[in-house]
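Both complexes below contain chain A, partnered by chain B and then by chain C.
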Partner chain A sequence: MATTRILEWLGRFYIVLLLGFLYLPIIIMAAMSFNASPFYQLPFEWTTDWYASLWQNDQLIAATWNSIEIAVITTIISTVLGAMASLALYRYEFRGKKVLQALLFPPIAIPWLITGTAMLIFFFGIGIGRGLVAILLGHVALALPYVIVVVSARLQTFAPELEEAARSLGANQWQVTMRITLPWIMPGVIAGGLFAFAVSFDQFVVSYFLSTPGQTTLPVEIYAAIRKGFTPEINAVSTIIIVVSMALMLLTARFFKFGGEK
Partner chain B sequence: MAGVQVANVSRSFGAHKALDDVSIDFADGGFYALLGPSGSGKTTLLRQIAGFDFPDSGRIAIGGESVERVPVEKRRIGMVFQNYALFPNMSVADNVAFGLSVRGEAKATIAAEVQRALDLVQLGKLGARKPHQLSGGQRQRVALARAIVTKPRVLLLDEPLGALDKALRVDMQIELKRIQREIGITTIFVTHDQEEALTMSDRIGILRDGRLVQEGPPEEIYDRPQSEFAATFLGDANIFRGNATGNGILLADGTTIAAAVGDRLVPGAKASCAVRPERIQISTGVVKPDTGNANSLKGQVSKRIFAGNNSTYFVDRDGQTLKVIVQNTGAERLAEGEPVVLSWSPDSTVLIAA
Partner chain C sequence: MADQLAIGSRRGLKPALPLLLPAYLWLTVAIFLPLSAMVFFSFMTDLPLAGKDWAFTLGNYAAFFSQGLYATLMLASLRLGLEVTLWCIVIGYPAAYVLAKVLKGRSREAIFLLVILPFWSNGLVRIFSWAMVLREGGILDTALNAVLPFKINIDLMYSYPAVIIGLVHSYVPYMVLTCYLTLQAIDDSLIEAGRSLGASRRQVLWRVIIPLSMPGLIAGAALIFVPVVGSFMEPRILGGRTGTFYGTVIEDQFVAVFNWPLGAALSFILLAVVLIILALAAPVLRRAG
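Up next, the complex of A and B:
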């Protein structure tokens, strides 16, 4: 049928458009990181100078390491705490549970600008002040609700008889959790961890409020660098980050077959 | 192995009395069915025996040892769940090994025991499969192997055959019974399927609304039900309601029904009689007095259902529909609308206090 063919082509066109929309800016940026001209001028002239000079930019490298460190620690803390909280919410009935569950969602919707201001005031009030510790605490607080939401969604598909069966076979609570429940929710925990990593690693607003000139993260450093004057070094560092994070995502997706696992 | 004693166990959930003063003695090595409609408390009782839930009052003992406050993981029971509850992330062998492994048994011991258990349920070669690669009947067997490999003191089964189709269910009934005999384990089996309860168990306990209605060997409950509920829930029964006479009941229309089975009741008290459909003879003529069928009623066939080896007749009689099952002996079949005489012996009539 002619109409089905047209629809098929429209569908393909739509997908191309969508992918273009998502990836074109990134591809251009990556291309420009290999272009000799610092002002995005064509014709394209291959160079790796920007990567070489990036290597000399201690500030950017320090900020990158800060970002990675904070993102990794945030991921670990918020994944462990979040998974434990999800299990508690799943297993136990207690007073105020509904209120607690309801209170988990608003932080996702509250603008980061407001959260950031509130954290800045709060951390000053209690004496933590600004710096990497404050950024870390802030990121954990931002990431936790995401982890809990994702892990809880996975727990909804868990059959509670599995825990009962394990207990009937003599397993204590710890063995039940480690050998039955945790393996089941693992895809959710991994996904929650990815969210936590992304929330922390991408975080600009809250980090901006909580950083000091010496103690800052990559997004804040990039912003500061752009304000001083744009250099293609930023393209270079961004390209590295994109390649690494895409590789990580693809690997995880391949290992854990999101949604498709049975 | 051990017997299980349940004494005066009650359990309420809010205002709902799920178990109301239930006492049953499960003999060592016996095969016991807990039978009842949904909401009768049979699963609640099983969960109390397993230790998933604790009674509000009363005593539960396994092998003479009080366990009513002991959590399930310390009770040394084996349980088979309605939907098998196999661990999806583990192979069949790992599923079966789980109970031994959490106990910290040596690897070699575990492997040997798992193989023995899998052989017992005739799945010796499927240890490496994942649960989702098995058929329903095979999953059932894995669940059973997993429950018995730890040598529990008692085996609890929660409607284990409910998810299987009919032919497979019959196979599994025989299989389950064979395995139970082979290892001689005390088995408590929850079901709402009366046929399953009758064919498999040594004793049956019928529950209703959290109470134990009647308890005993299947033959006894079938032949001498002590309540209308027991009579109609375990098998089919025609119930006549009236007032007790010296040896039967008097119906409202003046008909007397003689009963030789059941309790003697005070004349005049409200009472009923239960008669099994297969005990009633149906004929078009008059009943010969020498058959011993002292009870007889006239009626009209309203419907006949032919089922090959037998036929079920529904006979209308004075606003009541009676059920009669006749074996297919090759005799002439009765037509719908035909006037008939029903007759049966007082020995087939159970008198029940209302």
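Up next, the complex of A and C:
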């Protein structure tokens, strides 16, 4: 079938075009961060000055540390709380379980603009106000549903007989959880944790509404810088972010894959 | 111990509660209470803070319905959502088909990952990267002028098409993902059966493949349409002055104009629109999920 083969080659060509569409802007942005001209003039002249000047930018560095701190704390809290909730949803049957599971979707499905502004109003009303604490509260809430969904997916592959066997051999609830269940769902927990880190580290909208000038995260700082005007420094910091977050997702994909295969 | 030895899932909310409570309390404090507070707040005249006078009012909602501006912007945002979704289908569906039915083995896995990867990287940064491409004297401009014999100026930056391009770039991986999942589940023998019974390629596409992959299409459409209607950062960066949409007006109420009650009302109206759309898509999503 000659036509089939031609169509298949057209299909492959199309995929290449799509990948070009997806990656070219990112590659160009990265290239421009190594270009000497501050106005993005061509011809291209290699420099790493923009990366060097990032180190002089205290505001950006402070925001970067905030982002990393918040992402790490978000990961820890949401992974622990999320894994606990997933275990409960897996182990127990009770009225309203379906409702609890359904409640995980609003935080994922409602646009962050709405969630973010609602958080701003509420946190202001109860006296938490804006700042890093408010951002952390918000990030954990956004990450939790992802962790619960990912860990629950892993739990689907767990055989409850293993827990029963351990229990009949005299293990108590804590031992069963720590020695049998947790090791089995670990790939799911790690994948969930990486998801949580990515959700927090890349989060812009919610952080934007909850930050104040001194207490802000990297994406918010970048947004402010973009609105002031484009500079190669933004390209440099953006390039670093995109490399970090893509590496993180590749890692997640690996773990999630392992979760699915075993 | 005896009750714990019971086979299968255990009953009762009591033993589950200590495990569930922390997560759901957190969600309540950071998501559900804020959403309720926003509704409450949208009926107020002013912030009930710092001793300011406030009263209940319907004025914020009246503003939406009486001033044509907000309704117009809502329509503009809905139109934006529709256009971006359509482009994502046009661009994403064929790619999902090639991934699911043409590519095999390792190359399929690798390319699938490559398509999905940008989606999980920073959205703000990806929108910014288009500014490099689209602006006058940018890469697109320079490249086209190097190839074409005549001088043209491509200055798409700060225009409606720029916003569309940026948003499609942001969301097309979603469509590829959801369509890929449903297309992959279609048994090849169904397609072959259709062909051997004399159906043309086009007939197989319209009568077999598209109907069977409809859940993926609708799931993808809902997952793209909803956030696009509420987008504000993308129009701000790529749209400039032409980038005023419903989302940017809400942003203004909170960060520039400081009319929070009006912002809350506008947010809540958006939430209502979003919930209606999700409710319409829910039966299909449930079947697909």
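In the analysis below, the second predicted complex is superposed on the first by the 231 of 262 C-alpha atoms of A that agree within 3 Å, B and C clash if a C-alpha of one lies under 4 Å from a C-alpha of the other, contacts with A are read in each partner's own complex, and residues count from 1 in each chain.
Here is the rule we go by: a contact is a pair of C-beta atoms (placed from the backbone, for glycine too) under 8 Å apart; a residue touches a chain by one contact, two chains touch by 3 or more.
Please read these numbers as outputs of a predicted model, since none were measured by experiment.
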| item | value |
| --- | --- |
| First (chain B), second (chain C), both or neither touched by A:Tyr92 | second |
| When both partners are placed on the shared chain, which of chain B and chain C touches more of chain A | C |
| Partner chain(s) touched by A:Trp55 [first = chain B, second = chain C, both, neither] | neither |
| Which of chain B and chain C A:Ile180 touches, first, second, both or neither | first |
| First (chain B), second (chain C), both or neither touched by A:Trp65 | neither |
| Contacts of A:Ser168 with chain B and chain C, given as first, second, both or neither | both |
| Which superposed partner A:Phe209 touches (first chain B, second chain C, both, neither) | second |
| Touching partner for A:Gly82 - first (chain B), second (chain C), both, neither | second |
| Residues on chain A lying within both footprints (that of chain B and that of chain C) | 164, 167-168 |
| In the complex with chain A, residue positions of chain C that touch it | 1, 4-5, 7-13, 15-17, 19-20, 22-24, 26-27, 29-35, 37-38, 41, 47-49, 91, 94-95, 97-99, 102-103, 111, 113-115, 117-118, 120-126, 128-133, 137-139, 142, 169, 172-173, 226-227, 229-233, 236-237, 247, 250-251, 254-255, 260, 263-264, 267, 270-271, 274, 278 |
| Footprint of chain A on chain B - complex, ascending | 50, 52, 71-74, 76-79, 81-83, 85-89, 98-99, 102-103, 132, 146-147, 150, 156 |
| Partner chain C, residues of chain A touching it in the complex | 8, 11-12, 14-15, 18-19, 21-26, 28-29, 32, 40-42, 81-82, 84-85, 87-89, 91-96, 100, 103, 106-107, 109-115, 117-125, 137-138, 140-141, 144-145, 148, 160, 164, 167-168, 173, 198, 202, 204-205, 208-209, 219, 222-223, 226-227, 230, 234-235, 238, 241-242, 245-246, 248-250, 252-253 |
| List of chain A residues in touch with chain B within their complex | 159, 161-162, 164-172, 175, 179-180, 183-184, 262 |
